[in-house]
Structures are given as C-alpha cells and as structure tokens.
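In the part that follows, the structures are each spelled out as structure tokens.
Each of the two complexes below includes chain A, the first together with chain B, the second together with chain C.
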Partner chain A sequence: MSPTPTPRRAAVVGGNRIPFARSGGRYARASNQDMLTTTLDGLVARFGLQGERLGEVAAGAVLKHSRDFNLTRESVLGSRLDPSTPAYDVQQACGTGLEAAILVANKIALGQVESGIAGGVDSASDAPIAVNEDLRHVLLDLNRARTPVQRLKALRGLRPGQVVPETPRNGEPRTGLSMGEHAAITTREWDISREAQDALTLASHQNLAAAYDRGFLDDLVTPYLGLTRDQNLRADSSMEALAKLKPVFGADEPGATMTAGNSTPLSDGSALVLLASDEWAAARRLPVLAHLVDAETAAVDYVHGGEGLLMAPAYAVPRLLARNGLSLGDFDFYEIHEAFASTVLTTLAAWEDPRFCKERLGLDAPLGSIDRSRLNVTGSSLATGHPFAATGGRIVATLAKLLHEKGSGRGLISICAAGGQGVVAILEAA
Partner chain B sequence: MTTSTDRYRSFVNSPLGSSIGKRLGLPRPAELRRHSPGSPLLDGPAVVLGSGALAPDVTLLLKAAGVAVVDADSPDRLGAVVLDATTLSSVADLGVLRDPLGPAVRRLGPSGRLLVLARAADTTDEPAVAAARQALDGFVRSAAKELRRGATANLVVVAEDAEPAAWESTVRFFLSARSAFVDGQVVRVGVAATNAPDDWDRPLEGRVAVVTGAAQGIGAAIAQTLARDGARVVCADLPAQGERLAVVANRARGTALQVDITAADAAERIAAHADERYGGLDILVHNAGITRDKLLVNMPEAQWSAVLAVNLESQLRINEHLLEQKVLGSGARVVCAASTSGIAGNRGQTNYAASKAGIIGMVRSAAPAFADIGATINAVAPGFIETEMTARMPFATREVARRICSLQQGGQPVDVAETIGWLAQTASVAVNGQVVRVCGQSLVGA
Partner chain C sequence: MTATAEVLDQVVLAEPPRLGRLYARAMAESRMPRSAALPATEVVLDDVHVDVEHLAAYDEVCGFRLTDALPATYPHVLGFPLQMQLMASRTFPLALPGLVHVRNTIDVERPVRWDEPLQVRVHAEELRAHPKGTQVDLVTDVTASGEPVWTGHSTYLARGVSIGTPSDDEVVGPDPAVDEAGGRASAVWRVPKETGRRYAAVSGDVNPIHLNPWAAKAFGFPRAIAHGMWAKARCLAALEGRLPDAFRVDVSFRKPLLLPSTAELRESRQDDGWRMRLSARRGDLTHLLAAITPL
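Right, the complex of A and B next:
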C-alpha cells in the first residue's frame, strides 16, 4: 500500500491565449486543432517548455468535429512539448476550460502529476456540419449492405431534400430555446434593466482596453493570424452607442433588453493555463502567480424546475463559500463570466435577494453583495468574446495575474454553462 | 528567417553563367564559407609571417585548433595568411607586405583569410613608427578590395602587453567562417583577459542573453546563433510580434518576452524576466530598430521621434537602468545595432542615420564605465543584409546595393549574428567600445 498522499494546492504558473476573433472573422479558416496547437506553442515559448514532458494536458472544445475525438492529444503531438506528454479531452459546455483546470489541479493536489496544462478552444466559424440525418441513415444502411440487391434497396431511400446538411444549433436540446432566449426569460423574471446591462457592457470594454494599454495582457496573449487584440473589443464604445442597438433576445415581448452589445458574440479562440506543484515550478525557476484553493460545480433543473438556464453558479458559489468558511465579501477580485450582461446581474441580484437565498439556497440571510469595483477589472467575455471552451483558461490566467500583481488576496471565478450547469473556483495569491 | 535569394550570384556560379560572366567581365560574387558547429577553423593550412612576439602564439593557436601551419613558400592552397606586423617601425620594414606577404596571398583559397596583427599608431610614437603602423590601415583595406572568391582581409590592433588570452577570441573570429561578411575592418584589442571557453564551438555555454527585436530577420538569426553557441536566450519583441516571436523562441529553446522597449518599465521587465527565469543577465543585444524614411524637408514629427525613441533612446534608458541596478555586472556584454547608414549617411534616412550614429557615440562613451566593472559594450554596423525588408526594395536599387561591396553580395542575417556572438563571448573582454561593420567592405561607410 502506498501512503495516502496529503493534498497540496496546485500553483497557477501562467497562461497563454490567442486574441479572440468574432465568428467568421480573422480565424474563419483556422481549425480547433490549429488554434490549440498554436496556443500550446505560445505557452511553451513563454515558459521555455520546449521538449518538456508534462504530467498531462487536458482541454476540449464545445463545437467539435467527429475527427477531433483526440483533439488535445493531437495538438500536443503537433506542439513543441515532449510527445510523451499524455492528453485527454474534456467537455462541459462553457465550463470546459475551468473544469479542465480543476481536473489537472486536483491531480497535482494529490501528487499524481507534478505539472499540467488545461484549457480549451472553440471555433464557431469552423463548426462541424453533418450530413442530413435521413441521408446518414441511408449511407449507414448502404455500408451494412452485403449484396447488390441490398445496396439498391438502401439507395432507394435517397431523397433530394437530404442534401440539406445538419448544422449545429446554439440551442438547448430539451427546450429548443437558444441560450439567449433562455437568458431573456431569466432577465425578465429578475427585472434587469437595459441601462444596467449596457453599463456592465461598457465597463467590460473599457476595462479590457485599459488592460491592453497598460501592458497587462503582454504575457497572457500571443497574437495569431495577424490579430493582436480581441476583435470584439470596442475601446470607444459608449452608453449612447449601446443604447441604439435593437433587442435580439426575447424581442417578441415588450420591453426586451438584450442586444448584440450586451450579449457575447459567437467567437473563435483558444486559451490555456500552466499548472504545477510549487516544487516543479521552483525547480524550473517558473513563477507561481496563485494557487487554486477549491472548486465546485452545480447544476439546476431548468427544464421542469423553474430555474433559469444560466443560474447554476448562484447555487455553486454559496456551497463553495460554506465549505471554505468564507463569505461573499471576502474576495479582492470577482471574475464572473459575462455570457450576457444580464447573467452577471441576475446572479448578483439573486445573492442579494432574501427570498431566493432562503427558498432556493436554504440560507437564513442573503448571501450578500459584492464591491462592484472588484468585478471583472480587466474586462470579461462581453469585450473579449467567448469561444466557449476557451473562457475558463482565459479567466484563470487573468485572475492569477491580478492576484500576483496585488501580491495578496483571493479571487472568485464563476462560469455558467449550457445544460443548466455552473463551475466556480477560488484562487489565492501565492 | 526568410531572405531574398541572390539569383545573380547563383547564375554566375553555374557552369553556363560562369563562362558567360567571365567573357563579359561581370562581377563574380562567391559562395561564402559559413560556420556550422564542428566545422574546422580554416579550410586549408595557414602561413604565419612576421618576427614579432605574437607570431609564435598565433602558430600555437592555429595548431591547437587543428590547422596545419606551413612555410611561406609551400605550394599549398592556403586557408589563411597571418602577418604579425607588430615589429614594423619604418617604411623599409613595410617591404614585407609586398614580399613575402604578396606571394602568400596569391595562394589564398576560396573564403581565405588575410589577417594582420599590429600595434596602434599613437600620437606619442616617433613619426616614422606611426607612419609605418598607420600604413597598415590603408594596406589592409586595399588588399581586402583586391581579394576574390570570398576571401577577406582584416586588421587587429593589439595593445602592448596583451596576453594571447586577450586576443585569441578575436583572432579566431576573423580566421573562422563566422566572419564571412566582415571585411576590411580594423578592430582594437586591449589588455584585459579571461580564461578561454571550455569549448570554442560553444563559447557562450550557460550564458544568459536577451535579444531585442528577435521576432524576425537579423534578430531571429541572433537568437538562433547565440543559442547554437550555448547561450540561453530571452527573445524579446513587441507584443504585436508575438506570433513570430514564439516560433523563434521555441526554435532557440529560449523564452519569449513580449515587451515594448520604449515603455517606461521595459528595462525592469527585461531584468525581472532574466532574473526570475535564469538568475541573471550576461548578454544584452540591442537589435530592435525601425526605419521611417522621408526626406528631411518632408519629415513628420512622428516619424522623426519614433525612430529616435526606438533605435536610440530606448537603448540609452535600458543600459542606464541595468547598470544602475547592477543587473549588468562583471562579465556583462552589451552589443548594440548601429548601421552603415549611421557612418556614411543615407538619403531619406536623416532620422535613422542620426539614431544609428548616436549608438556609436553612446558605445564609445560608455565603454570605459563598462571596462571598470569587467564588462564591455560594442556596436555592430550591418551594411546590406538580405532580409524581408531588403527583399521589398526596388530591383535596381537592391542589385546596386548588393554589388557595391568587396564581396559583391549582400550579407546574411547570420553574418551579423556571428559577429555579435564573438563580441558576446566572455573571452572577448578586451574588445570594448568598438564599432565593427558587417558589410562585406561596402564602398559606403568606409
């Protein structure tokens, strides 16, 4: 029997991502594997990991071709890492990147690996397109056919309409509603105003622009295909410009508030973080920016349970806080993924609401409010864009660097995901 | 490291082109011998002439490097002719330059080396002595223009009392294929000396180097060359150049540092990166530079300032900070990119030439302070080097620029890199405050 290992905290050494592009933009012809490999190589270059065998690489994509069944391993093989570095794919919708980081960090905590890379990639441009479902059945029958007669019989199933391919839909399979339509329902329920959403959006763009200008992203981002900053970033945006946009979600109802401005666009991009034990990092003279303290994943029944699709983080965070003996105010930075401006605002509103906290969370008192000046201080998904699986890696690296700059303190990450899920985590300055 | 191809050179070196070229009397730029790890110092035996104190040590050096040293009248095709001219002190003494040096030079093979070692002509010398010593300057530069087939001639001025350890790295550089495009140059070597490297093929083993402007062209070649010679290389460039920078850093097995050298905190960030990742900084190569060409009368303020800020001010600021913070200490080597434009001037480049001439002034002025701490600062001045930038020049301009040097071709980025690698060696401590042109002895900027 080997001794039970004592858990330790995994260190966040740093990260790398490529600037995020809008769907159909600069990366329109780049595949997930192209982007993930390039991001790996950028991370290798930043930390001098050429030829290094890491414990593992865990990453994934939400929109995935069937040929990419081993996407992460294939990317490792194409990178400058030692090809004997193992890898696996993870997929938990928009929570993919953070969940991958938690998986690697937990293995480091248990001493099963000393180092690893985690994150994700997504391309809404290079999305998989499948053959028509009826055509697929015909082709499979044809494949199974053994005799000419059987083959002819199978081919009799061909119909002109079958040339129309199946394209992936940004919608929930169980409700048929898009994520934006779901968010619009929640936004209406919580009565989140258009102005509040636009203000949050504007802050995201301004914070990200300021972060670029002060060089904050110089060691977080590596340009790709000529793109040097996130394509979605509008440094010169204004409340007036945002106010002019027409609602796009829940637009059939009067007083709709969600626009293309205060919702994230479909995006392409990739982001990774380098995690390690303190010893591994020290032996290579690599920095330790922060430690991953703990994490929690929650899911809600948005189909029949009367809860909003993107409300799971509102449940995950209180559980995480309770386990760690912390209250909502005990953080220096809050990184709440901006799937939609209203997602952030409804989550914050829920935590301030006595009834929600009592009835849904079973708390005696509201979880509380946060100091808004500590929220997404270098911008978030509304400004950067949101390539689904890449968002977790972006946020972990950003928060770790913020904590390292400050030299002390603690940060909270909250990411909502399709399927009514939410992944949240705590980082502490090293 | 994409470079434009010199099709003319390829043509006149082909069987057909060679015969046509000879009949028409066209220039015949040679394929220059270049260094690769493990290759011999010289491509053939050497002749050592002169009766000075340096000649026996040069002979020892050559033999230690595996080079056969033969008699002056040996019929072999020679890899190098070395003349110890330190004893020449009269006009009559100069006769050795015509004979036996002349006949020996006739037997120099392709990419052969004529290297003359001499003493400085000082104002305190007797006029006749100073005349003889200064005469070598004109002699070597002229001989360099007469040599063909990629052979070069250079003059090393060695201080009195300098031990062989002071000049060995320099003599090796000028003899070797590393100096392929350095021709007609005069370099002074002082008396400071350190131990020789364990392996002359990896003279930068274990040293930590920072190269600015490393994402492409000459900078990428510098990173690659320093890494080949054993250095651990921090490849620095603008954040916007990060994509290519990562490729260069990975190839050099170094690290990428995305930093704007004109930013106020650039020096701190460079120092912090080198210290955190490598525990210090030994070699700093100021290679980053930009051009914003415009005739003086049309020069916008932004183009003037940008060039001076990137090419000159940033180097001054970074050097000052790193010296002050003792990041650059004993053994540090700083090499700055000047340009032949800064020496000869160039139409449309008043801003660029001013910045590059400024580098030369800075290097000469800073050298004594560097010497005080056992460090050095030198400049290289590239001439026409084949890069993506020169590939975009108009055809005729580019062809003229290529042919107006003694080697009748443009240099490669690696030629600049090799020269920097020599100046960056620990063993090159006696070379300080020098400006070495890497221009194939261009007619401009002499």
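Right, the complex of A and C next:
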C-alpha cells in the first residue's frame, strides 16, 4: 500500500462570474450551458488558461434539463480549455457551488489533482418543463407496446388534460411547502422582526453597490448580454421603500414579515472559482488569494424532526469550529448566504440562544455572537440575486478576495440548501 | 475576388427591406428585360443594432452558444436583405429566382460583439461567365465605428444564363475548399424537416425551395432543401471553442441537403486550420466543403 499523502491546503486563485439577472430578465434566452461556457471562457481569459489541461472541472445546476446530464463536461468541450480536461456535475441544491469547490479542493489537498475549477449555474428563466405525468406513462406504455392491440390499448389512456405540462416547483417534495413557506415558519418560531429583515436587506444592497463603486468586483465579474451589474441590485433602496412591500410568505397568518424585498428573487447566472496547489499557481505566476482550510456539511430532519428547513448551517458551523479549535468570534469576515434575510438572522439568533445551543447542538454555552460589521461586507444574495448553484462560487471568490485585500485573517462561509442541508467552510488569507 | 476599382453610388436604407415583398416582385418581373451590367450601387444600412432575442433564436437554430461575440455567420443575416434588395431589382443582370448560392467566404477580422453598432454595406462585383452559366459575387462589408470587422463574399450561379465564353481561368476556378477532410465521421446529424422553415424564420431567407416540397419540386428538387448558410453555420458551431479570433471560412456548396436527412461531418486539422466535409449519411454525396484558416 502506498503511503497516505500529507494533505495540503488548496489555494483559491480567483474567480469569475457573470452579473446575475432576474428571472425573465436579460438572460431569459440564455441556457445553463450558454452561461456556464461563457463564465468558463471568462475565467480562462482572466488567468491565461487557454489550451491548458486542468485536473478537473466540477459544477452543476439545480434546475436542469435531462438533456444536460453532462452539463459541465459539455461546457468544457465548448470552452477554450484543453478538451482533455475532465469534468463532472454536482448537485446539492443551493449548496452545489460550495460543495463543488470542497470536492475539488479536497482532491488538490490529497495531491490527486494540481488544479481545478468549481462552481455552478442556474436559470430560472430557461427551466425544464416536463410532459404531464399521466401523458408520460401513456408514452412509456406505447414505447413498450409490441403489437397493434397493445399500442391501441396504450393510446386509450390519452386525455385532453394531459397537454398541460408539469412545471418545476420551488418546493420540498415531502412537505409540499415552498422554501419561502418553510422559512416563514422558522422566522415566526424565532420571532424575527420585519425591521431587522429589512435592515439586513438594505445593508446587502448598500454593501454591494459600494463594492461595485470601489471596483471590488472588476476582476470577479465579466459583463454578459449587456448586464454589467447584478440586475437585482437597488443601490437607492431604503427602509421606507422596503417597508411598503406586502408580505409574500406565511401571509395567511397575521404578522407576516417576509416580502419580495427581504427574500431573494428567482435568478439566472453562473459563477466559478479557480483552485490549485500553491506550486501550480506559482509556476504560472498566478496569485494565491486564500486557502480553503476545512469544510463541513450538515443536514437536519425538517420533515419529522421539528427543525427548520434552512437551519442546517447552524449545526454545521459548531462542528467545523470544534474540529479546527476555533470559536465563532475568530473570523474577520462572515459570508452567510442570504436565501432570505430571516435565514441569516435566525441562524445568528440560534447561535446566541442558550437553549438551542444546549438542546440541539449539545453545547454547554451558546456559540456566541458575531461582529455584525464583518457580515456580508460586499453584499450577498439579497442584492446579487441567487441563481441556486452559482451562489457558492460567487461567495468563495468574494471571500478569498476580501481576505487577500486585508492581507491576513480568516473567513467563514455558510450556505443553506433545500432538503434541510447546509454547507459551511473556512478560508484563510494566503 | 478582386476589389472593384470604380466608385459606387451609395444607397442608404432607413430600415432593412422586407424580403417577402422583394421575392414577390422578383418573381413577377423574372421574365422582363434586365440591365446587362452590374448596378454601380452599394446598399448601406447604418447604425445596425443586433437584437439579443434574434441572436438567441439564430444561435439556437444553428447550434451556436449565446455569447457576447457574434457567430461568424451571423452578419451574413444582417447583409442578406441588402443582397436581395440589389438582386431583386431589374437593374441586376440576373433574375433572382433560380440563382444558386454556390460558394461563401467569410473573413472575421476580430470577434464582433453583439452590442457594437454596425454599418453593413453590400455591392455586387465580378459578373463572369461560367461553364454552367453566369456567376456573380455579392460582397458584404461590415464595419464597427469605421473599422472593418467582417467581410462576406457570396457567389451566386445563374444556371444556363450565358454572357459569353468563360476564360480558362474561370473554367479551372480556384476552389480553396479542397476535400481534405477524410476518415471517419466526427458527427452524425439528423436534420429534421423543419430546418428550412426554422432557418428561414431567423435569416429572412424565405426562398420557397427551403420551405415546402412542392415549391422545391418546381425548381427540380425532390424535396425541400436546407439553406446552404444554415449548413455552413452548423459546421462552424461544431467547432465551438476551437476557432481562432480572426479567421477565414471558405465554403463551397455542392449537392443540396434534402429535408429531412441524415448528414455526416468529417473534419481534419491542418497546419493552417481546419477542413470540413458535410456529406450524406451513406454514399459519397457531398453537401459542403469548408476550409477554415486563421487570418
């Protein structure tokens, strides 16, 4: 047996994404493959990777056509990378992009590959539409039929109503509730106020606008189809404007707080990060912005276990901190994905709550509070929009650049995902 | 393809001409007396803005990715109505109905972004005798802020129309798209019946031989045939990610691709670029030969 290699830390070299568009907006006619290939070629151009064979490319999409089973590989074949670069698709709902980065980083850490690209893409505009389920059964029966009588029998199952296709639902298969409806339950349980949610939303827009204004995104974003900034960004938003919006989730009960403003809109976009060993980057005179230190994925039983759908990161982070001998306050930046403003606030409230920390996390004392001025300092999903699988790549590249600018320190990433899952990771300045 | 020395009168159009109307007029006037020489006119469309919706539809029909750079064949679609404007008129020596697109050469000087305002100019040159009839080149020049970025030469053949004896040069006729693409097929395409209608919708080329079998029969084809420029575009789309920024793609159109049919693509990488051949699935019927060379 060969000796176990000593793990090394994977370097984040940089990233590239296209501005995120609102569903039905600028990218209404762009497919996942269009966006992913464009983002890949942008990354290739930025880091001079034309014709290079990389260790691998791992990416995915949440809303995916069945014909796109090999989406990432197809995008690599259409890109300027060496076509002998292997690729595979990853799918872990909104955790896809970060999980893909962890997968590639782990292979780099073990010395299995020297370089790789990770991320994801999603289009809510070009969503797959399937034929009606009853019609699908008729067609499958017809396909299996061998004799004219069998065929006729299969065709007898046809009904006019079957022309209505199945559209994908942004809902949990086991509960029938949409993500927003789930989040509304948790928000109510934790008594998160409308004002707190709107304030977090406003900060996200203001921080993202300021980041664009100071050129922070110049080497992270490549314009596409006429969009130079995220379409959802409202630099001129205000508490007053946000307060005017009507609640959209949990609105059948009094005191509903979640609006279209403090929830992320359906979005289109893609984001990728370039990961490598330090040696690989040095040989190409490429920068190392940060290292991926460690990661953890947690899952909760939101179906029967009484936990909120989006609460898994609250469990993942304490485990990650314990393994690394860190406490919650030991970070210079916190990147907590804003699926909904209330998701961020509930997670923070849970870590401050002695009962939750004792009963659910098994901790003797609360995990603690964070310095809110270090949270999502260049904005997050409420302002950028949230093309599901693209969010991880956006956040990893953003945090790596923040750490590189600072020149030292550590950052925490937390991303909640459908299915009651949460992916979290630690980055350290190089 | 020598440059025309004479100065052309520019006719600047306010908007692209309507192709259906031009076809109808050309049909009606096809037997009327025509000019003997090429019109000394250049048809110009200024400040052309590409519509992303249209680009996306074109990309989908031809198999291109939707990117900020226009596919090499896209500007042809911008110039095509201007070609028709010239050719549908009786000041053009050859009647539009029956003209066959036999060769198309495109020079991409650099990637052209969809959001660059473009000027599109079209003129005709090189009216010449050919062993099978008479040939003419329609030249489309595209500039962005005065910079030449794209040129297309479309050679049309009027079968059986004689304007004299072809010179030896013209009989031999250089064919840059020599068939060097042998070996196994790199791709098999099932080209559906709707291809003609779908390409007509995005290109404006509503020549009925592409749209319905009866019209095609009237011109001697057993079924409707695919547009040559669709086949050319589809071949280029197959080289996604492998084309240089500046290149020439020279295509000669051979036997028509009947709809529907199954076609095979063969390609070979040469020192100076690519050669491609599109042919029928079985047998040796060649639809198209292409040479792609960096500029």
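The criterion applied here is as follows: the second predicted complex is superposed on the first by the 429 of 430 C-alpha atoms of A that agree within 3 Å, B and C clash if a C-alpha of one lies under 4 Å from a C-alpha of the other, contacts with A are read in each partner's own complex, and residues count from 1 in each chain.
Assume a contact is a pair of C-beta atoms (placed from the backbone, for glycine too) under 8 Å apart; a residue touches a chain by one contact, two chains touch by 3 or more.
What you see is a predicted model; the values in this text were computed from it and never measured.
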{"item": "Superposition on chain A - do chain B and chain C clash or fit", "value": "clash"}
{"item": "First, second, both or neither for A:R80, with chain B first and chain C second", "value": "both"}
{"item": "Which superposed partner A:D218 touches (first chain B, second chain C, both, neither)", "value": "first"}
{"item": "Contacts of A:P287 with chain B and chain C, given as first, second, both or neither", "value": "first"}
{"item": "Which of chain B and chain C A:D34 touches, first, second, both or neither", "value": "second"}
{"item": "Partner chain(s) touched by A:L139 [first = chain B, second = chain C, both, neither]", "value": "neither"}
{"item": "Per-residue contact with chain A, leading partner among chain C and chain B", "value": "B"}
{"item": "Partner chain in contact with A:T228 - chain B first, chain C second, else both or neither", "value": "first"}
{"item": "Contacts of A:A45 with chain B and chain C, given as first, second, both or neither", "value": "first"}
{"item": "Common interface residues of chain A - those touching chain B in one complex and chain C in the other", "value": "38, 41, 80, 223-226"}
{"item": "Interface residues, chain A side, partner chain B - complex", "value": "38, 41-42, 44-48, 50-51, 80, 215, 217-219, 221-226, 228, 285-287"}
{"item": "Chain C contact footprint on chain A (complex, rising order)", "value": "26, 29-31, 33-34, 37-38, 41, 77-81, 83, 223-226"}
{"item": "Complex contacts: residues of chain B adjacent to chain A", "value": "235, 239-243, 245-247, 249-250, 253-260, 263, 265, 276-279"}
{"item": "Chain A partner contacts - residues on chain C that touch it in the complex", "value": "52-53, 56-57, 65-68, 114-115, 240-241"}
